[in-house]
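Below, each structure is written out as structure tokens.
Across the two complexes that follow, chain A remains constant while its partner is chain B and subsequently chain C.
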Partner chain A sequence: MADHTKRMTRIVDHLRANWQIYVLLAPTIIWFLVFLYRPMYGLQIAFKDYSVFRGIEGSPWIGFEHFHTLFGSDQFIRALKNTVIISMLTLVFGFPMPIILALMFNEVLNQTYKKTVQTVVYLPHFISTVIISGIVITAFSPSSGVVNTVLDWLGFDKIYFLTKPEWFRPIFIGSGIWQEAGFSSIVFLAAIAGVNPSLYESAVVDGASRWQMMWKITIPSIMPTIIIMLIIRIGNLLEVGFELIILLYQPATYQTADVVNTYIYRQGLQVGQYDLAAAAGLFNAVVAFVLVMTANTISKRYSRTSLW
Partner chain B sequence: MRKMKLASAILMTTAIAPVAHADGHLQIVDEPLELTIHMHWPRAQGYNEEYAVELAAREMTGIHLIDATSGKNTTDHNEAINLLLATGDLPDIVGGHRIKDPVNQYGPEGAFVPLNDLIEEHAPHIKAFFDARPDIAQAISSWDGNMYYIPYLPDGKFGRAYFIRQDWLDTLGLEQPQDVNELYDVLVAFRDNDPNGNGLKDEIPIFQRQWEELIRYVTLWDGRSSGSDTYHDFMVVDGQLQHPYATEGYRDGMAHLAKWYAEGLIDPEIFTRGSSSRDYLLSENLGGMTHDWFASTSGYNASLEGTVEGFNFVPYLPPASISGVRMEEHRRIPFKPDGWAISHTNENVVETIKYFDFFFTEEGRLLSNFGVEGDTWNMVDGEPVFTDEVLNGGIAVNTQMYEVGAQIQRGYWQDYRYEWQWTAEAAREGIELYDANDLLIDQFLGVAFNEDEQRVYDRNWTQIQTYMLERQQAWILGTGDIESDWDDYVAQLDRMGYNDVIEVMQAAYTRQYGN
Partner chain C sequence: MANMNLYSRGDKGFVIANMILIGLFALSTLYPFIYIASLSLSSGFAAQAGTVVLTPVDVTFAAYGKVLSEPQFWISYRNTFIYTIGGTVMSLIIIIPGAYALSRPQLYGRRFWNLMVAFTMWFNAGLIPFFLNMRDLHLLDSYFGIIIAFACNAFNIILLRNFFESIPSSFEEAARMDGANDFQVLRKVYIPLSKPAIATVTLFCIVARWNGFFWAMVLLQDEQKIPLQVYLRHVITELSDDEQFAATLIDAPYSVDTVTAAIVVCSIIPVLLIYPFVQKYFNKGILLGGVKE
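Moving on to the complex of A and B:
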């Protein structure tokens, strides 16, 4: 009893002393509750025969039927495969780019040149996806596109890229890197800026070259940031940016382009099968959860850096 | 014939009442009655209580519509109506774009009021319309046999037509192609003989704004691309439901289209050029022929006059198919999935159906088509004629109508005289040409599924259609050969449940139209 009261007093004291911090924290917590936790209640429609009018409570339970439907469908399996392949490729080719960019910016001595290049590579991030898709379609157009014009000069045949399944992934991943690599490099630049300058000063005294300083000081110092970013990326692995896919794909390229989210969009949302779409989305979320847990555990074991 | 019957039926019901609304013969209630309305459609998310048409309707009927639209911040009407249903708080009237499927699905569950008895007892003008067009009454009914909404009924028969560069034909000394073989020769000449005279082989004989429209050309080999004005729709042949993409006419047509594509007779960028292709290819003097809307396509003759030397893009008769049939597969659907319905929360259903009926009276029909008499139009020799300000106002007539609340997607019966008045001369000639020939075919007007049928359809159809379209584009692009792939294709459709879908379609069709 006494123990209990003592603990209560401690909590009250703690709150009184630090209330400003909790007030600052509150908006984020409320945001999480309203936009992420409360909607979880609706996830149950993945196990129901959902009717918008009857509502969530009024719709009958049907167990795992939607999941059976999904896994009995060749197109869902194909979409799942495409999602994994596209995300993996994006990770392998897309993740190192901002780090490389940040390291390169760090080595540039001319400030004006550095700022200009940085602005240029940040810009695509602020362009809307619809415009990006327009730029991509125009650039790869067989008649007037810059890519085919160059191919023509070099004596190659023109290619109708956006109807060729084998070209979809390189184009999609490439345009993703073009759009986001610059902006994503900001966080690594910030990490580099936080490296203790005395490390470099003593390295210079010891006669280290710039190359050696980058490998022995910069990269090891920003490694925790890199790993945290990597874990976050792995958590979002299945969240392929499907807006751009919807804008770029064609039935002719579904074979390599159709991902889980575009499948959900066509199968679920366009024809109003919210329950089936929820089942597919829930499956996606479960896989993402397992991935981020695994990545975090591995990272904790081998590098002592982790999200929690 | 049918039109005559309909017109006389309407006349009979309206003849009883004297004209002029000042005497209040259209008055539905003595005291003003307010009804709330959800109205969501692509051009407006919400019902403007200040529409001139609304103000006039208030004066004539005593009923005031109050805007209670859900989802005003989205332009997606589907999302809006689902949002409305999910809140459970339905306004008295639910109207707008594409409400047919939701009202027919949730009506039998109790969300909307069945209208059959109400129409019978309180809506003589709507009843007269449906008595003359029982096929439409059947087509809009839900699986339980009840009607749940009053549709927007478009008028006019023709939508799209085949257009060709008459000036190119003249330059090359060619005639308009009368059949598919002549068409082929003309297209080859367009490709090879430099009709635009710039010395480059840059002409694109066939182009389309929507790639789906290219598939329409399979009708030249007696195939079909769709049974209705929606792309990839089912069709009815001798009372049997079929999908056009599972028929042999389609196979033969596609084989030829693939050949035409490979030979460069079809826009090489047909799948990605998109909606601006007509603008671009016509103004750059590159495009030779297309299949597109009468009115908007004819409009290029005026807008490109002086820009493209001698530009003359004319509608011409569909070339005869290999078996000699001239077919215009596209036509306007006689009713839209748009309109309005009465929700279960409405406490004044009789007044509401009378209000719906008002728009089928002569006065209501003129009001919903042309706006307020004296403001936007006047009666000239018994014909409603738009004022000069409307016709020459520099803004499209339909846009002006939307602004006053006419031609919006309430349940109303369109009057083709509205559109004819501002249709370009070239298009009018084309429509008359098409009208003089027997080109149209019966449309598949859709079916309403019960819950079990809906489940079979939902589970299988989207996937099957995805597969069909994948193969369709692949064949056009030359990845695979339709003739040799056909048996595998049909077998794959079977595996995906094509026959199950046809079975439920057929069951629903028989129930709805009684064979």
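Moving on to the complex of A and C:
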């Protein structure tokens, strides 16, 4: 009893001295509960036969039926495959670009020129997905787009790019590189800035060329950053920029373009099969969680500093 | 390593080749913007014929005239300003105090609260539960719904919290000696010392709001409330199939493509205007700091 009272007094004293901190914290915590944790509670519809009228809690449980449906559905399997393929292609073609750019920036001696080029290549990062899609659709338009105009000049047949499944991925990945390669190079530039200058000085004494210094000093020095960024990227493997896909794909290109999130969007928000779509989302989230956690563990082991 | 003395004779060719290559990359980054701008200033006929490649052909402002005469364009432009300003202010109101509280050593359950925030970066309920939650909260088709529901995220809170934690406690101790409480310490010590970090978070919020489209498209049905990006999407995806619009095209000095290009330009201009001012904040430390908890 005495212990209890003492504890109460301690809590009261603590609150009397620090109540303002809790007032400052409250909006954040309430926001997270209402907008991010409440939906997690709503995830239970993935295991229910959800109907709008009965609501989340009133709908009956049906176990893993939606997951059986999903894995028996060609559309979902296709979306899963496309997600992994598009993500892998983005990794292979998109990941090296910012590193190459950072290395190139580092070799530019004229600071004005460097700043100007940086200003230009960072810009697309700040442009909205809708605008990107507008540019892509206009530029690849079959009759009037500049790409087909140039093809025509070169004597090739015009191609209706956005209806051709085989062209969807190159266009999607290309526009991703155009938008993000420049801005993503900032992280690697920061890593390069942290390389010990005395390494270069002694290399110069030994008569090394800049090309040699890049391979023998710069790249090995930024390797930890490269590996950490690679791990983060692999952790986010299921994260494909589905907003741009929604804006660019059409039934004719679903076979190569439809990913898990666009499938969820169609099944859930357009068709209204909320429970099935929520199950697809849950599957996505669980796999993503495992990937991110694994990535974090690996990077912890590698760099001794966790990502978060 | 910009030292000129690290640059020997044999490297000249390498340096020049590098400058040319990176210049070409910058030009190819810039080209789509130039193309769209030229298209927006070309005649509909020239655009349809595919003659616009680099510079405008048959210069006309007809497409802009068409865009600026659409009431919906102005409505959605106004809405974008409402969402951008309202949303950014709301974000700062929630994020700054929250990040400060989470940075306090004396906060009871600090590890738990921080984990609660960080967990949402790793696990997300997904599109459908989020949508149903918004519906159940009666926040569909609501200005307030859009402003509040995207006001916060783990990344921005952690970014700012890390910055607060990096401020030496001696600054705070001086204020405490003068009898300052937490509200005052936040306002008079932490906020003034964290201007770069707060500017970065503000920039992220503004850009996200200005460009935000997916949830606005999903959550807003009322055309009076849609932002510019949703209107733009509507124009891009539906204008070419819109028979009413097609009827106006006969003999018109604009085409679907030039009108689309003109709206794209109108939507990029504000970004271009503030871009030079915010560029200096792309500071490595702040961007990297956000990655670590």
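Just so we're on the same page, the second predicted complex is superposed on the first by the 242 of 308 C-alpha atoms of A that agree within 3 Å, B and C clash if a C-alpha of one lies under 4 Å from a C-alpha of the other, contacts with A are read in each partner's own complex, and residues count from 1 in each chain.
Here is the rule we use: contacts are C-beta pairs under 8 Å (C-beta built on N, C-alpha and C of every residue); 3 or more make two chains touch, one makes a residue touch a chain.
Just so you know, these numbers come straight off a predicted model, no measurement behind them.
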Considering only the touch criterion stated at the top, classify A:A285 as touching first (chain B), second (chain C), both, or neither.
second
After the superposition on A, what does A:Y113 contact: first (chain B), second (chain C), both or neither?
second
Check whether A:V271 is in contact with chain B, with chain C, with both or with neither, and answer first, second, both or neither.
first
Touch test for A:I219: chain B only (first), chain C only (second), both, or neither?
neither
Counting only touches as set out at the top, which of chain B and chain C does A:R38 meet: first, second, both, neither?
second
Chain A residues touched by each partner, larger count belonging to chain B or chain C:
C
After the superposition on A, what does A:T163 contact: first (chain B), second (chain C), both or neither?
first
Determine, under the contact definition given at the top, whether A:I137 touches first (chain B), second (chain C), both, or neither.
both
Check the residue A:Y122 against both partner chains and state whether it touches chain B (first), chain C (second), both, or neither.
second
Quick check on my understanding: which residues of chain A belong to both its chain B contact set and its chain C contact set?
137, 141, 143, 274
The chain B residues in contact with chain A across the complex are 78, 82, 85-86, 88, 101-102, 106, 109-111, 268-269, 271-272, 274, 458-459, 462-463, 466-467, 469-470, 472-474, 477, 479
Inside the complex, what are the residues of chain C that reach chain A?
1-8, 10-11, 14-15, 18-19, 21-23, 25-26, 28-30, 32-33, 35-36, 39, 47-53, 93-95, 97-102, 104, 106-108, 113, 116-118, 120-133, 136-137, 148-149, 151-152, 157-158, 181-183, 186, 207, 210-214, 218, 229-230, 232-233, 236-237, 255, 257, 260-261, 263-264, 267-268, 271, 275-276, 279, 282, 284-285, 287-288, 291-293
Quick one: in the complex, what on chain A touches chain B?
51-55, 69, 73-75, 137, 141-143, 160, 162-163, 250-252, 254-255, 266-267, 270-274, 276
Residue numbers on chain A that touch chain C, as the complex places them
14, 18, 20-25, 27-29, 31-32, 34-40, 42-43, 45, 56, 101, 104-111, 113, 116-117, 119-124, 126-131, 133-135, 137-139, 141, 143-146, 148-150, 152, 178, 182-183, 186-187, 189-190, 192-193, 195, 197, 200-201, 204, 207, 209-211, 213, 232, 243, 246-247, 261, 264-265, 268-269, 274, 277-278, 281-282, 284-285, 288-289, 292-293, 305-308
